[in-house]
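Chains: A, B, C, D, E, F, G, H, I, J, K and L, in written order; residue numbering restarts at 1 for each.
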Amino acid sequence: MSVVKSPLPEQARTIVGEALQGALVDLLDLSLVAKQVHWNVIGPRFRSIHLQLDEVVDTARLASDTVAERASAIGITPDGRAGTVAKTSGLDTVTDGWVKDGEVVDIMVAALDACITRMRERISATDEPDPVTQDLLIGITADLEKFHWMFQAENV
Amino acid sequence: MSVVKSPLPEQARTIVGEALQGALVDLLDLSLVAKQVHWNVIGPRFRSIHLQLDEVVDTARLASDTVAERASAIGITPDGRAGTVAKTSGLDTVTDGWVKDGEVVDIMVAALDACITRMRERISATDEPDPVTQDLLIGITADLEKFHWMFQAENV
Amino acid sequence: MSVVKSPLPEQARTIVGEALQGALVDLLDLSLVAKQVHWNVIGPRFRSIHLQLDEVVDTARLASDTVAERASAIGITPDGRAGTVAKTSGLDTVTDGWVKDGEVVDIMVAALDACITRMRERISATDEPDPVTQDLLIGITADLEKFHWMFQAENV
Amino acid sequence: MSVVKSPLPEQARTIVGEALQGALVDLLDLSLVAKQVHWNVIGPRFRSIHLQLDEVVDTARLASDTVAERASAIGITPDGRAGTVAKTSGLDTVTDGWVKDGEVVDIMVAALDACITRMRERISATDEPDPVTQDLLIGITADLEKFHWMFQAENV
Amino acid sequence: MSVVKSPLPEQARTIVGEALQGALVDLLDLSLVAKQVHWNVIGPRFRSIHLQLDEVVDTARLASDTVAERASAIGITPDGRAGTVAKTSGLDTVTDGWVKDGEVVDIMVAALDACITRMRERISATDEPDPVTQDLLIGITADLEKFHWMFQAENV
Amino acid sequence: MSVVKSPLPEQARTIVGEALQGALVDLLDLSLVAKQVHWNVIGPRFRSIHLQLDEVVDTARLASDTVAERASAIGITPDGRAGTVAKTSGLDTVTDGWVKDGEVVDIMVAALDACITRMRERISATDEPDPVTQDLLIGITADLEKFHWMFQAENV
Amino acid sequence: MSVVKSPLPEQARTIVGEALQGALVDLLDLSLVAKQVHWNVIGPRFRSIHLQLDEVVDTARLASDTVAERASAIGITPDGRAGTVAKTSGLDTVTDGWVKDGEVVDIMVAALDACITRMRERISATDEPDPVTQDLLIGITADLEKFHWMFQAENV
Amino acid sequence: MSVVKSPLPEQARTIVGEALQGALVDLLDLSLVAKQVHWNVIGPRFRSIHLQLDEVVDTARLASDTVAERASAIGITPDGRAGTVAKTSGLDTVTDGWVKDGEVVDIMVAALDACITRMRERISATDEPDPVTQDLLIGITADLEKFHWMFQAENV
Amino acid sequence: MSVVKSPLPEQARTIVGEALQGALVDLLDLSLVAKQVHWNVIGPRFRSIHLQLDEVVDTARLASDTVAERASAIGITPDGRAGTVAKTSGLDTVTDGWVKDGEVVDIMVAALDACITRMRERISATDEPDPVTQDLLIGITADLEKFHWMFQAENV
Amino acid sequence: MSVVKSPLPEQARTIVGEALQGALVDLLDLSLVAKQVHWNVIGPRFRSIHLQLDEVVDTARLASDTVAERASAIGITPDGRAGTVAKTSGLDTVTDGWVKDGEVVDIMVAALDACITRMRERISATDEPDPVTQDLLIGITADLEKFHWMFQAENV
Amino acid sequence: MSVVKSPLPEQARTIVGEALQGALVDLLDLSLVAKQVHWNVIGPRFRSIHLQLDEVVDTARLASDTVAERASAIGITPDGRAGTVAKTSGLDTVTDGWVKDGEVVDIMVAALDACITRMRERISATDEPDPVTQDLLIGITADLEKFHWMFQAENV
Amino acid sequence: MSVVKSPLPEQARTIVGEALQGALVDLLDLSLVAKQVHWNVIGPRFRSIHLQLDEVVDTARLASDTVAERASAIGITPDGRAGTVAKTSGLDTVTDGWVKDGEVVDIMVAALDACITRMRERISATDEPDPVTQDLLIGITADLEKFHWMFQAENV
C-alpha cells in the first residue's frame, strides 16, 4: 500500500530507509540501556551519574522520534517494537542487578561507541541520496559524541 | 549483594518486588507500542490520535520511572532491558507497517485493557505488604483507566 | 448502550457510580455557592474572603471534573446539568442579595461540612469495590477539610 | 439596603441590571451544558470535541464572572445559584447519557444560538443607559459567535 | 509645530484632546494618592488594603500611559508634569501622616467617585468625535468602577 | 452554499462583510510591506527600525486573523490569497532594493495613513449593522494610529 | 548600490540569490495559502485541520524570514511584496469560498509538494557555491516534508 | 477552647493527632539536620551531596507544613517550636563541625531510617481512624524511602 | 501619634527621615519627568529613547517605593502627594509640548545630575545614624549613575 | 582541623564568626516561630496573617542559609541544630495552642524586635573586621525592619 | 596521555582539531572585542549599538563553548587562555578609550569580516574529514554573517 | 576627551578607576580560566566540577560587566581587551591539556584566592572615595568567597 509519496526516488528511499530504521533501533535501545543503569547504579558517584544518564535518555528519546518521523516522511514505516529492538539493536545487552558507578561509565562508553560507529556509516550512506536525512543524523551524532567524551573523561 | 536495606520484611519485599517488576515491563512496552502506532497511524483522524498517543507515552514513561525507582527503594533491582521487555510483557505484539486510525484505537484499547487487569491484581497483592507501593500503583491505574475510557469513546 | 467497558464488575460499578454522581453534584453546587458569595460578600473582610472563595471555586471545579471523568472511565455517564444540581445537591440553598462577611464564612463552613460528611461516607463505600476511586475521593476530601478548618479559624 | 452607590441613575440601573442578570444565568448554564457533553461525548471525533468544549467552558466561566462583578459594580446583586440557573436559563435542557459527537455539535450550535440572540438584545438595551456594560457584552458576544461559527463549520 | 498629523479633523481633535488631558491628570493623581495611603495606612486591615492599593496603582499607571499615548497619536502633546497634576487634578488632596484603614477606604471611594464622574462625561463627549478614544475611556472606566464597588463593599 | 448561519440579517451581513474583506486585504498587505522594508532597510537607524517593523508585522498579522475569522463567524468567506491582496489592497506598492531608513519611515507613515483612513470609514459603516464587528475594527485602528504617531515622531 | 559586501564571490552570489528569492516567494505564498484554508475549511475535521494549518503558517513565516535575511546577509535584496508573490510563486492558486476538509488536505499536499520539489533543486544548486545557505534550506525542507507526510497520512 | 470542629470522632482524633504531631517534629528535625550537614559537609563529593541535601530540606519542609495543617484541619493544634523539636524528635543529634562526605551520607541514611520506621507505624495507626491522614503520610513516606535508597546507593 | 516604634534613636530618626523624604520626592518627580518626555519625544532617535525612558521610570518607581517603605519602617510617615512633589522636588520643571530627542537626553542628564548630587549628600548624612538606610540609598544611586553615564554617552 | 582557609585574619574571624552564629540561630528560630503561629492563628484576620507569616518564613529561611554559608566561607562551621536553636536563641518561647490574630501580631512584633536589636549590634561589630559580612547583615536587617513596621501598622 | 578516544582517524583529527582551535580563539576574542566597545561606545546611537553588541557577545560565547567541547569530543584539548587568545587571534586589536558609534560599527564589520573569512576556510577544510564538525561551523558562520550584514546596513 | 562627567572629584575618580580596572581584568581572566578547566577537566568528579565551573563563569562574566559599566559611569574608560587581560591579570597562567579533577580544584582555589586578596584591597581603597563602587565590590567578593569555600571543601 503506497500511503505516503516519497520525495526521494526508489533506490535512494531504500538506502535512506535502512539507515533510519537502524538508527531508530539503536537509539531506542540506548534509551533503555541508560534507564536500566540509571535505576541500578550504586557507588559514591551515584547521584552525579544518575542525573547524567537521564540527559542521555532525553536525548535518545527525542532523537528516536526524529528519525522515526523522518522515515514516515519519506514513505518508510518505522519499526520500534520491543521485539525488533531486542533482536536488531547494535548495542550489547547490559548486565542486570546493581552496577558499580565505574562499570556504569564503562557500559555507557561502550554503548555510545557502538552507536557512533554505526551512525557515522549512516552519515556516509545518506550523503548522496538524501542530504536532509544526513543533516538530522549529523546533529544526533554530535550529541552522542559529546556524551561519549564526557563519560570517558569521567573514568580516567 | 545486599546493597539497599529494605523498609519491608523479606516476604513482603518479594511480593511487592514482583508487582513492581511486572508493572515496569508492561509500562515500558506500553510506551513502545504507543510510539509505534504514533508513527504509523494513517487515516482522517491521524492528527488527533497522533497527539493523543504522545500523552500515553509521557504517562507510561513517567510511570515506568516511578515503579522502577520504587523497586530500588525497597531493595529490588528493576530490569527494564529490551530483551526482558520483549520476553515478559503482558501486551500483545502489534502489527508493523501503516495502521488505519480505527485499528490504532482498537490496539490501544486492548493494550490498556491488558495493563489495567494486571495493575488491579498488583493493587490487591500489595495492599497488605506495602501500602506505599499500592498508592503509587493506584495513581498509575487511574491514569490508565482514563485513557482506556477515552479510546473506547472514540471508536463508537 | 454499553459504550465503555468497565474495569469493575457490575455491582461494584453501581456502588462506585452512585458515589461519584453524588460527589459530582455536591462539588458543582459548592462551586456555584462559593461564586455566589464571592460576588455578594460585603464587610471589612471583603477582599480577603473574596480571594479565598476563588480558591474554593478552583478546587471544586477541578474536583468535579476529576469525579465526572472517573465516572466515565468506569462506564457510568455523569450528570452535571443545572436541573440535576438544583434538585439533588446535598448543600442548602444560600440567601440572595448582599451577605455580610461573617455570614459568608458561616455559609461556607456549613456548605463544606455537608460536603465532607457525604464525602467520608463515599470513601467508606468505595473502599472495597474500587480503591482507585476511593483514592481520588480521599484527595478531594483532604482539600475540603483544609478549607473547612480555615473558614472556622476565621470566625472565632 | 443600599450598599454600593451606583454610577448610573435609577432607571438605567434597572435596565442594565436585568441585562446582566440574564447574561449571568445564560453563561453559567452554557458552562454546565458544555461540561456535560464534554464528559458524555462519544464517537470518532471524541478527542477534538472534548478539548474544544473546555475552551467554551473557560470562556463562559470567565464571562460569567465578568458580568456578575459588573452587576455588583453598578449596585445590583447578581444571582448565580443552581436553582436560579435551572429555572431562568434561556438554554434548552440537554439529554443525559452518552451523546454521539455529531449530536454534541448540534447541541452546542443550538445553545450558542440561544445565548447569542439574547446577548444581542442586551447589547441594544444597554447602548444608551450604560456604554461600559455594553462594551463588556459586545466582547463576550464576539467570543460566542466565534464558537458558533466553528461548531457549524464542523457539522457540514 | 505640526509634528504629528491627526487622523481627526481640527474640532474633534480639540474636544478629544481635552478629554484625554483631563483623564491623564486624574489618573496620575489617582496613582499618587493610592501610593500615599499604601505607605501610610494603619489598622487591622493594613495588609489587605496595602496590597489592594497596589492594584489600583498598577491600573492607574497603565491607564495614564494609554491615554497619554493616545493624545500623542491624535497630535496632542500630553502634559503629566508634577505641577500640572497638582494644579489641575479633579481629586481632593489627601491628608498626610498615618491614616486608619477605614479612612483609607473612604478616601479611595471618594477619589474613585471623582474620577468616574469625570470619565463618564468624557465618554459622552468623545462618542461622536472619536469612537477610538471613547473605547479606551470605556475600558478604563470599567476598571475604576470595579475598584469603586470593592472599596464600598469593604466599608459596610 | 449556506454553511454558516449569520447572526446578522442579510443586508447588514453584506455591509459588514465588505468592511471585513477590505480590512483583511489591507492588513495582509501591511504585514508584507512592513516585512519588505524590515529586510531592506539601511542606514544608521537600521536596528531600531528593523525591530520596530516586526511589531507592526505582528500586529497586522494578528489583526488580519481577527477580521478573517470575524467574517467567517458572520457567514462570509474571507479571501486572503496573494492575487487578491495584490489586486485589491489600498496600499501603494513599495519600491524594491535597499531603502534608506528615513524613506522606510515615510513609507510606513503613508501605508498606515492609507489603512487608517479606510478603517475609519469601516468603523462608521459598521456602527449600525454590527457593533460587534465595529468594536474589533476600533481596537485595530487604535493600534494602527499608535504606530502612525511613532513613525511620524521619528522623522522630524 | 553596493551596500552589503558579500562573503561570496560574484557568481556564487547570483546562484544563491536566485535560490533564496525563489524560496522566499514560495514560503510567503505557502503561508497565505495555509491561512486561506485555515479560515475557510468546513467539515467534521474542521478543528483538527484548522489548528494544524496554523503550524504550517508559523513554520512558513519563520522560514521566509530566515531566507530573506540570508539573502540580505549575502548582499542580495529580497523581494517579498504582494505583487511579486502573486506573479512568481510556484504554488497553484487555491479556490475561494468554503472548502471541505478533505479538499483542504489535498490542497496542502499539492502546495507542499510544489514547494518541496523546488526546495530540493535549490539544495542541489547551492551545495557548491554556499554550504551555509544550503544548510538553511535543508532544515526548512525537513520541516516541509514532515508536514507533507502528515497531510498525506490524513487522507487515506 | 473548641475552635475547630473535627470531622473525626473524639477517639480517632486523638490517635490521628498524635501521629501528626510526631510526624511534624520528625520532619522539622530532618530539615534542620539536612541543613546542618548541607553547610558542614567536606570531601570530594561536596557539591553533589550539598545539592542533594537541599532536595531533602525542600521535601521535609513541605511535608512538615502538610502534616501541621492537617492537624489543624482535624482540630488539633500542632506544636513545631524549637524546644519541642529538640526534646521530642525521633532523630539522633548530629555532630557539629566539618563532616566528611561519607559520614554525611551515613548520617542521612540513619536519620531517614528513623523517620521511615516511625512513619510506617503512623500509617498503620491511622488506617482505620482516618484514611485521609493516612494517604498524606503514605505520600510523604514514599518520598523519604526514595531518598533512603539514594543515600544508601551512594555509600557502597 | 506614635504608631511605629523606630529601631533608631530620636536624633538619628530625624536625620534619616529627612534623607528619605527628600529622596522620595526626587524619585517620584524623576518618574514623572521621564514619562513626560517618553510621551513627547520626537526625532530620529524616538524609539530608542522612548524605550530607554521607561527603564528609568521603572527604576524610579521601584526606588520611590523602597525609600517610602523604609521611612515607614523607621516610624516616619512618607509624603508623596502631587502637591508635595510639585513644591519640594530638587528637579527643574521640564518644558511642555514636543521635545527633540537631543534635548530629551539633555533634560535627562540634568535631572539625573540633580538627583545624584542630592543622593550622595544623603549617603553621607545617613552613614553614621543608619547603615541600613544608607545601603538602600547606595543601591539606588548606583542605578541612577548608570543611567547618567548612558544618557551622556548618547549626546556626544 | 583547618579545612577552609579564611580570607580574614584570626581575630577578625572570631568576631565575625560569633556574629554569624548568633544571626543563624535567631533566624532559624524566627522561621520556626512564624510557622508555629502560621498554623495556630485564629480570628477574623486569619487568612491575611496566615499568608503574611509565610513571607516571614521565606525571608528567614533564605537569610539563615546566607549567614550559615557565609560562616563556612570564612572558615567557621555553623551550628543550626535543633538543640542549639532551642538553647541559644534570642527569641522568647511562644505559647502553644490556638492564638488569636491580635496576639499573633504582638508575638511577631516582639520576635522581630528581639532579632533587630541583636542584628544591629552585629552590624556594628562586623563593620571593621569584615565589610562583606556586614553587608549581608544590613540587607537582612532591612527586610526584618520592614516586617516589623508592617506588623506594628496592623495592630493600631 | 590518550584520555579521550577519538571517533576520527588520526589525520582527520589533526585537521579538524586545528580548525576548532582556531575558531575557539577567534570567537573568544570576538566576545572580548564586542564587550570592549559595548562599554566604550559613545554617540547618538549609543543605546541601540550597546544592546546589539550584547547579542554578538552572547552568540560568540555560546559558539566558543560549542567548538571547545567539540574539540574535547574528538580528543583534542582546547586552549582558550588569555595569553593564547592575545597571541593567536585573527582579529585586529581595537583601540582603547571612548569610541564614536560609527567607528564601533566599522570595528565590528572588520572583526566579523576577519572571523568569517577564516570560518569559511575551516568549513572547507573539515568537509571531508568530519561532517559533524563542519555542520557546527556552518551554523556559527550563518550567525556571524547575519551580524555582518546588520552592522554594514547601519553604516550606510 | 571629557565625555562623561564624573559624580566624583578628580582624585577619588582616579583611585576608584584603578580599583575597577584591576577588578575588570581579574574577573575576565577568572572567566577564561574557569572555562579552560571546564573544557579540560578529567577524572571521576568530571561532571560535578564541569557544572560547578560554569557557575563561576556566569558569576565572573556578570561581575566583569558590572565593574566595567561602573567605570564608565564614573567617567573612566574600561579596558577588557585580550592583550590587556593577558598582560595585567593578577591570576597565574594555568597549564594547558587535560587536567585531573583534583588539580582543577587546586587551580580554582588559587585563582579565587588571588582575586579575593586583591578585591579586599580594592574594598579598602574605595571606602572613602566612593561607597557606591565599594558596595558593588563587596557584593562580588561575597560571591567569590563562597566559591572559594566550596572548592576548598571539595579537596579535603
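Keep this in mind: a residue touches a chain if its C-beta (ideal position, glycine included) is under 8 Å from a C-beta of that chain, and two chains touch if they have at least 3 such contacts.
Worth saying up front: this structure is predicted, and the values here are computed from it rather than measured.
Under the contact definition stated at the top, the chains bordering both subunit E and subunit F are D, I.
Considering every other chain in turn, the ones in contact with both subunit A and subunit K prove to be G, L.
Note that among the pairs A-K, E-F or F-I, F-I reproduces the A-H interface, with over half of its contact pairs the same by residue number. Judged by contacting C-beta pairs, the busier of the interfaces B-H and C-D is C-D.
Remark: rotation between subunit C and subunit H after Cα superposition is 120° (nearest 5). Chain geometry summary: the mean Cα position of subunit C and that of subunit L are 59 Å apart. We define each chain's centre as the mean of its Cα atoms; on that basis subunit H and subunit L are separated by 42 Å.
Multi-chain contact residues of subunit C (touching two or more other chains): 3, 42, 45, 48, 69, 72, 98, 135, 153, 156. Touching pairs of chains, sorted by label, consist of A-B, A-G, A-H, A-K, A-L, B-C, B-D, B-G, B-H, C-D, C-E, C-H, C-J, D-E, D-F, D-G, E-F, E-I, E-J, F-G, F-I, F-K, G-K, H-J, H-L, I-J, I-K, I-L, J-L, K-L.
In the complex of the two chains, the subunit K residues touching subunit A come out as 3-5, 7, 69-70, 72-75, 131-132, 135-136. Those residues of subunit F that touch subunit I in the shared complex are 44-45, 48-49, 52, 102, 150, 153-156. By the touch rule above, subunit F contacts subunit G in their complex via residues 1, 3, 28-29, 32-33, 35-36, 39-40, 42, 61, 64-65, 68-69, 71-72, 77-87, 89, 93-94, 96-98.
If you check the complex, the residues on subunit F that touch subunit K are 41-48, 50, 98, 100.
Residue ranges of subunit B in contact with subunit C, taken from their complex: 113, 116-117, 120, 123, 127, 134-135, 138-139, 141-142, 145-146, 148-149, 152-153, 156.
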